[in-house]
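The following pair of complexes shares a single chain, chain A, combined with chain B in the former and chain C in the latter.
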Partner chain A sequence: MKALLSIVPLKNRLNGSFEEASLFQGIDADNLAHIEARWRPMFEQRKIEAKKTGESLAEINAEDAHWEWGKKAIAAVRDPFLFDIFVLECAGNTQAIMLVRKGGEKCFSRHPDHLRAPLIYVDFLSTAPWNRSRLVKEPVYKGCGRTLISTAISLSFEEEMRGRIGLHSLPGAEEFYQDQVGMTDLGTDRNYHGLRYFELSISNAARIFNP
Partner chain B sequence: MKRTMTLNLTDAEMSLLEGLCEEKGVSKTALIRQALRLYKSVDERLARGDKVFVESANKAEKAELMVL
Partner chain C sequence: MKLHFTNDWLRSQIEKDADIECDAGIPLRDTAPIARFARPAPNDQANPAPEGKMAVLHVLVHQLRRRDNLTVAQLADRIRIDIEEVETIERDPNYVPRPRTMHMLAEYMKVSTQAVQSLTADAIARNDNMAQAALKFAASSKDLSALTNAERRGLNDFVKFLASYKSG
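Moving on to the complex of A and B:
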C-alpha cells in the first residue's frame, strides 16, 4: 500500500540532533492507527485546556484536529489517478501526512504569472500534534510540514507543472505558507469556506530547489 | 507501470494538440494526462448529481456543462 520515496533528516528539537525519517508515497493501517490512537487524544486534551483558557483553535494550531484521515485515505487510495497521499515517519511514529490532487477541479493556477496553468493542489496537510510549537510546550521534530510541501513541489516538477502548487490555508498556518515556504497570498476565497488561497509560483519553486 | 499507445489524429487535431502543448509548456503526454484527469473529475461530479456551469466573464450567460 505504500512505497518508500526517500530518507530525509528531521531535526529533533529536544536534543538538537538530526534523525532519519522515512518519506512514503501511500499509507497503511499503522499510520491511521497512529493518528487515531496517538494524535487524536493529544488534540482533544489540548482543546479542553484551550477552552478553559479562552484560546482559539487557531491560537493553539489545532484547526485541523477534526479531520478524518481514515475517510480521506480511503478516497485517495481508491482513486490514485486523481489523488496521491504521502506520510512521513520517524522514531516509529507518523509525524506528518499530506493528501494532494493531481488534476481536475482546484488544479488550475490563479497566479497572475501563469493563470490557468495546471498545478498540484494540496488538499490536506497535517503534522503530529507533538511537533506543533503552539500546541505543546516542547515540540519534537522540526521540518515535517516543509518536507511534505517539498514533496508536493517535487511531484509538480515530475508532472511537468514546473513546481506550481496551490492550497487553501487554515488561518493558523497562513504565516508558514507565506513566510516560510514563500507562497503568494491570493486573497480570501469566498467559495471555499472563506479561507485564504496561496500559490507557489514557478519562480519561487525554482528558488526553493535551486537556492 | 506506464504503457505506450499510438494515437491517430487528423492534421487539425494534431495541430491543436501541439498548439496547446506549446502554450501550456508541457509534453503531449502531460497534456493528455491532465485532460483525462479533468474529464474524470468533472464526470464524477456529474455522476453524483452535481452540476458544472460555465459563466461568461460579464456574468450575462451561464451554461451547464455536460460531458460524454
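Moving on to the complex of A and C:
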C-alpha cells in the first residue's frame, strides 16, 4: 500500500528555490521503475568512471560485496510487518527511499542511556544518484536525508519508542548524522562492513523537533 | 501515520544543514530486495478481491466490539489506536490497517499479527484456506447491529481458526 503522508519542501540546489515534494509511506511499481531505469544506469556508469580514474568503489559507496550482503539480509526477514518503507517524489521522479524495521535483533538500543530499549532501525536511506555529491558534480535536491530521517524519528514516536532510531552511516554521511541530526556515534561495527553505528537517544529526540 | 515536524521546521533545517551526503545502511543498487513491498493499493477499486474471496476484517472487528459491548471509542482506547482508524476499518472492507494497528488487534484477539494481516483484502485474495473460512464466517454474519447466538458461535469458531493460523 502506498499512501501520501505529506507534501514537504525540498531545496533545488540548481536554482536555490524550494519545491513541493510528496512523502509517501509505501512504494509502487513506478518507484521500482525509476530505480531500475534511472538510478541504476547512473550507478553503473559511475562505477565505470571510478575504475578509469582509479577511485575505489568504497569511495563512492558502490561496493558489490556490501550490496549483495545487504540484499540477502533484507530477503532473510520473512515477516513484512517488521518493515516500513518511505519514498520521496519530486518533479515526477523518485528522489529518495528509506527502509526501516520495527522489530528484530537490530531494533534494540546500544546507547548507554537506554541499553536494549526498542528502536526503529534504518536498514537503508538512499538518495537518487543525481542528488549525491559523490556521484555527480552538481547534485540537484537538498533535504532528502533530513526529511526521511525526521520521518523515521516520527515513526519511532508513533510506535511509542520515544524517538529512538539507529543506523549505520555510509562513509561521507557520518557528519550529517552526528553533527546535524544529533545522533551518538557508537563506533565502528565490525559486523556491518566496518561502518559506524549511530543512535538518536531519547533526550536528543525530545529536543529535535522542539529546539 | 503522523509526522512530528512542520514544513517550516524542515525548511529551516534544510537551509542550516551542511551540503553533504546522508546515505545510510545498505547502498541501494537495484530493486531486488524491495520489490516485495510494491503491491497494488488495496483501496484501488479497479483491483477488488476476486469473486468468492472477501475481506472480513471489517466484519470481525465490528462483531468483536459487539460481543464485548464496546463502543468504537472504547475499543480504540483499549487497543490504543485512533478512533478514526477503528471507524475506517469497520467502514471500508478494502482498508489495510497500519502494522501497529494489526499488532494491537492481534493482541486483543490473542492471535498472531500474521493472522490479522491475512484478513485484509489483498491477503485474502492470495490464500485459499483463509478465503474459505472468511467466506463462511461472513456468510453467518447477517445483522451486524446485534450478535445472535449463531453469530456468536460463528465468531468464536473463526477466532479459534485464526489462533491456529499459520502463514504461508
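Methods note: the second predicted complex is superposed on the first by the 187 of 211 C-alpha atoms of A that agree within 3 Å, B and C clash if a C-alpha of one lies under 4 Å from a C-alpha of the other, contacts with A are read in each partner's own complex, and residues count from 1 in each chain.
Just so we're on the same page, contacts are C-beta pairs under 8 Å (C-beta built on N, C-alpha and C of every residue); 3 or more make two chains touch, one makes a residue touch a chain.
Quantities reported herein were computed from a predicted structural model and do not represent experimental measurements.
Visitor: Would you check which partner chain A:Val140 touches, where first means chain B only, second means chain C only, and both and neither mean what they say?
Guide: neither
Visitor: Figure out whether A:Trp67 sits in contact with chain B (first) or chain C (second), or with both, or with neither.
Guide: In the superposition, A:Trp67 contacts chain C only.
Visitor: Which partner does A:Lys102 contact after superposing on A: first (chain B), second (chain C), both, neither?
Guide: A:Lys102 contacts both chain B and chain C.
Visitor: For A:Phe124, select first, second, both or neither according to whether it touches chain B, chain C, the two together, or no partner.
Guide: second
Visitor: Kindly classify A:Glu159 by the partners it touches after superposition: chain B alone (first), chain C alone (second), both, or neither?
Guide: Both partners.
Visitor: Mind working out whether A:Phe81 is in touch with chain B, chain C, both or neither, as first, second, both or neither?
Guide: both
Visitor: Determine, for the superposed model, which of the two partners chain B and chain C contacts more residues of chain A.
Guide: For chain A, the partner with the higher number of touched residues is C.
Visitor: Which partner chains sit in contact with A:Met1 here, chain B, chain C, both or neither? Use first/second/both/neither.
Guide: second
Visitor: Between chain B and chain C, which residues of chain A are contacted by each of them?
Guide: After superposing on chain A, chain A residues 81, 102, 159 contact both chain B and chain C.
Visitor: Which residues of chain C touch chain A in the complex?
Guide: 1-5, 7, 9-11, 13-43, 96, 99-100, 102-103, 113-114, 117
Visitor: Would you pull the chain A residues touching chain C in the complex into a rising list?
Guide: Contacts found on chain A: 1-2, 5-11, 13, 18, 23, 25-29, 31-32, 35-36, 39-40, 43, 61-63, 66-67, 69-71, 73-75, 79-81, 83-85, 97, 99, 102, 122-127, 132-134, 142-147, 149-151, 153-155, 157-159, 167-170, 172-173, 175-177, 179-180, 209.
Visitor: Using the touch definition up top, name the residues of chain A that touch chain B in the complex.
Guide: Chain A reaches chain B through residues 81-82, 102-105, 107, 117-118, 159-162.
Visitor: Within their complex, state which residues of chain B touch chain A.
Guide: Of all residues in chain B, those touching chain A are 24-27, 30, 33-34, 36-38, 40-42, 45.
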